[in-house]
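Chain nomenclature is as follows: A, B, C, D and E, assigned in order of appearance, with residue numbering initiated at 1 for each chain independently.
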């Protein structure tokens, strides 16, 4: 059940916390238990899931212009490798989920996060090269500089790489990619395509 | 070619007449009219528009009388390398003037404290915890300084933040009052500010009816304070309405 | 039509050229270049590891520092730095040393006209001396257009000021190819006709500009020959390898 | 920042709620205040003020200058605060700079009055020697030696003390030369003029912790604040300036209440401070 | 297990994402990602269809508007202002005024500019602007003279970039030209102590104004410019910031109203410009000059109406 959408802006009262739950784009103020909007958009009422014992419907603000995506722990990102060092590879996060970011965020793949098995035997230089496009998952917000990324899953790793000859290489195993021009084989932590 | 590199001749502006304070303030204030003919408790008509700058995540343009400002919001984006890790988001503000904003060329530089005052007025209204570790930058440029610059910048900035889709507890509206002799005049113009005896700036979240920032200068009696604050609060709630309609128009326009 | 120039040169005649390389010992590569009384030193440091921010780490980064004869640098020098940077970037092979920075310091010793072209020639020779991988050399020349429309090459400072307009032009050096004649042509023009950099100042007709191009290209062949000879003769007697 | 355990936090908040603070004070009582004047001989006036472990110095220097074209009948007064990195770890680097500017701006706002000079602690017109030509420029410097909260109140007190300690040399002007020339002045080294400091306000900072507010908060207590309001009040009980700190919004009625509380508190503070200053001056005479 | 390079499939789907094709959102998102990751491939796909991502043909400039001294090309926006101050002319040129031109990129205009240090590009654009404006002879500095040897106008032209999306020089030059064509010089007169004062303000009606007839600057041979990027054999007129960043060969041609060449600026770049390319750029600029002249005239007349 949905009621007529009205446009609201941040700070506008959406209802009382006693008879509504605050969904996304809304918040409940404890001091006067009132629910306010925190974004510009349409006020929508969602009926509570029949299972839940809390019978309050949820009010949320939808259809607003959201700010650019920001990486969060657990989100799958697509990043371009910029530097490869002995123990880490740094990469610029270009997409969070299917959305491209407005400005890049810096991420780091540490040696122990490259693959699930034999993590002590990982050679960074045989896993990534600068310019590679990798699919990775955000482990944590990381440190002051970078987000910590992991490629330790089959479907994670290099999804696109150029050979030294400058051609887009074809993956031939989960550790190898081949240059269509020269036939030369280069080593990578290759991602299995999910489909 | 005619260019004279290096040589910077001393120049002066021919129209800089001695600004002297009109005598009328001494006693019979009441027959005095404001430079722009407004009533003492009447604000200048406010014009707002969001989405002024495409390169920014959000932006707004504000025009009150001859006071014209643009505010751009960038982010949430990667914090500068220098900064240490933090679980909550950061707000970073900067206010600057164009060289032609002020009557005397390049005078706008003497507003260094504005950046920190903008920050203080806004930070209480933004849900910093919604963008951990990243920074939201709020940059303001005063195109023309026509008085009440800081309040206009603050209101405009909160619109720009809303336009950027940054989560906020409420908008922030700001108004200032000048004390001239026995009179309280709201939303003063540059000329009035130049000879004011005192000033009061109030920034608040109109819907939550909370003050985020309040500053006085000059000498104030309690009744004056009560009156001035009430004036500002009323003006802010009016201003808030104008800001909300601006946001709604923009949003419904983007729906098409 | 004949024009007499202060120094008695013909209008297409360049001033005496001089270039010596490997003149500084602490730099990885260096060269001094002079055309008449205009003299420029160039020193190359690098490739050093890492690139500055806002630079693509997948490529080698080139930075140019311009040191004027006197005083500190202003807007004109900043423009020179930008033009040099972009010109040198376009002749170097940047994919060979990714994520490195090569700095070129250009020191003006004396400016008697055609300063930027001299600086470009000097920098180019210094890069060769440092053994930085390059697609080809760049040769830079200055053409001046007089009120009456004739064009003179490689002007002195005095001539530059008297002329109504001038153009700084940079071309690839003419190549002696092992491949059969014409195989290196792009849309009917030999590679060395392509403009790497063009900077003009003052008003001229479009035809004047193309006339400058023609003259400039002719002169660039002479310059290329000079460079080639200079390189051959020094690479034989220079102790420095690469 | 002060690192506090949850227990400590509760202890502080609880104490404040019960009007019995960790150091035994009530919500609206100041720590004992010690004033020492003439601590910097080179300055025209100086004073040191201690509030518990908070320790600040203010100094006044006067130089002859030229009034600004826009305000020919006024001298110029500059207030600058420096937070010495030795005072607290967070003063190192930019943190210190930001706090310094924040304090400087707050003090200027509270002590220098409006653009016209109305409500100023020191009447800027009293600094003029020859209108439009010669005036005294006052440079007031505050230095934070050690910080245990409530810096603003302490600095304001120190500045008030320093100014009442200040003697400005008498200046006599040679007969007017030409309208466009700077007149000759000669600065006497015997006769000094004193300021009338009775009009200089004190600053009372009310720090809101939980639902209550307290005066003269220690840095531990400040670490628990939701917001703070600094109000400068003069003898007449007029408000000469106000600054809010801390992001959280406040209900207007609370602010008005804070103002009236500040007025009430300021009376004792002014009296206490004046007597302390008098005592300090006296002891300086003897030594 | 099977392997496929992730973006093969997407490249094929990309064509559906093209502006001319039916915009199906589900693919749009992926196109957006593809564009971010492989900008060059993305563009070359469009160039093959000789259309640009914003649906422009290669040779077409973006929508251009002028209001007073505010110039907009696409979303690139420039505001120019002239402040007239009085100076004592130099001894070499006793009856010439002076023009000081500066170009600013405040932090509001682009995510890459941060407060504090100025944007690296700005001083270079400033230099190009003052070279172009001063060498174009658009303004006769003698017109800025007030009292020979005693007083002349110093015109401070400050151009602010409010929104940066490519073709900065073109937009800045346009706003500068607009600013000069709107410039109104106040009537001033010389007072007793040799200072220039506004006639009306000082009530010096008795005093003879020194610049009665010089209320406006008349502009001769106005310069207009067009920036193009070269990529392979393609020429893209009026590039956006994205286009400038991924195709690094930039050519800026400035022609004046009598189609004389004021400047031809090509600072390096991977593509060599052959005679034909230069000719094409100049031809495109010729067309552009006509457009801009029209827009400018409309802008001015539009102002004079109200």
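We adopt the following convention: a contact is a pair of C-beta atoms (placed from the backbone, for glycine too) under 8 Å apart; a residue touches a chain by one contact, two chains touch by 3 or more.
Since the structure is predicted, the reported quantities are computational estimates derived from the model, not experimental observations.
Novice: Which number of steps is the smallest that gets you from chain D over to chain E via touching chains?
Specialist: Between chain D and chain E, the shortest chain-hopping route counts 2.
Novice: With chain centres set to the mean of the C-alpha atoms, which chain is at the far end from chain C?
Specialist: Here the answer is chain D, farthest from chain C.
Novice: Pick out whichever of the two, A-C or B-D, is joined by more C-beta pairs in contact.
Specialist: B-D is joined by more C-beta pairs in contact.
Novice: Averaging over Cα atoms per chain, report the distance between chain A and chain C in Å.
Specialist: Spacing between the chain centres: roughly 48 Å.
Novice: Using mean CA coordinates as chain centres, what's the chain C-chain E distance in Å?
Specialist: 29
Novice: Would you mind pulling out the distance in Å between where the CA atoms of chain A average out and where those of chain E do?
Specialist: Computed value for the inter-centroid distance: 39 Å.
Novice: Which whole number of Å gives the spacing of the CA centres of chain C and chain D?
Specialist: 63
Novice: Mind pulling the chain A residues that touch 2 or more other chains?
Specialist: Expected reply: 102-103.
Novice: Check each residue of chain C and list the ones that touch at least two other chains.
Specialist: Residue numbers touching two or more other chains: 76, 201-202.
Novice: Check each residue of chain D and list the ones that touch at least two other chains.
Specialist: Residue numbers touching two or more other chains: none in chain D.
Novice: Within the complex, which stretch of chain B touches chain A?
Specialist: 57-58, 74-79, 81, 83-85, 87, 127, 131-134, 162-171, 205-208, 240, 243-244, 247-248, 251-252, 254-255
Novice: Give the list of chain A residues in touch with chain E in this complex.
Specialist: 78, 80, 94-95, 98-103, 133, 135, 154, 159-160, 168-174, 190-193, 195
Novice: Applying the document's contact rule, which stretches of chain D touch chain B when the two form their complex?
Specialist: Within the complex, chain D contacts chain B at residues 69-70, 98, 101-102, 105, 109, 112-116, 118-119, 227, 229, 234, 238-252, 255-256, 259-260, 263.
Novice: Which residues of chain C touch chain E once you look at their complex with the stated criterion?
Specialist: 54, 75-76, 78-79, 82-83, 85-90, 165, 167, 170, 172, 186-187, 189, 191, 193-206, 208-210, 213
Novice: Any idea which chain A residues touch chain B in the complex?
Specialist: Those residues of chain A that touch chain B are 7, 9-13, 25, 27, 29, 36, 38-41, 63-68, 70, 102-106, 141, 143-145.
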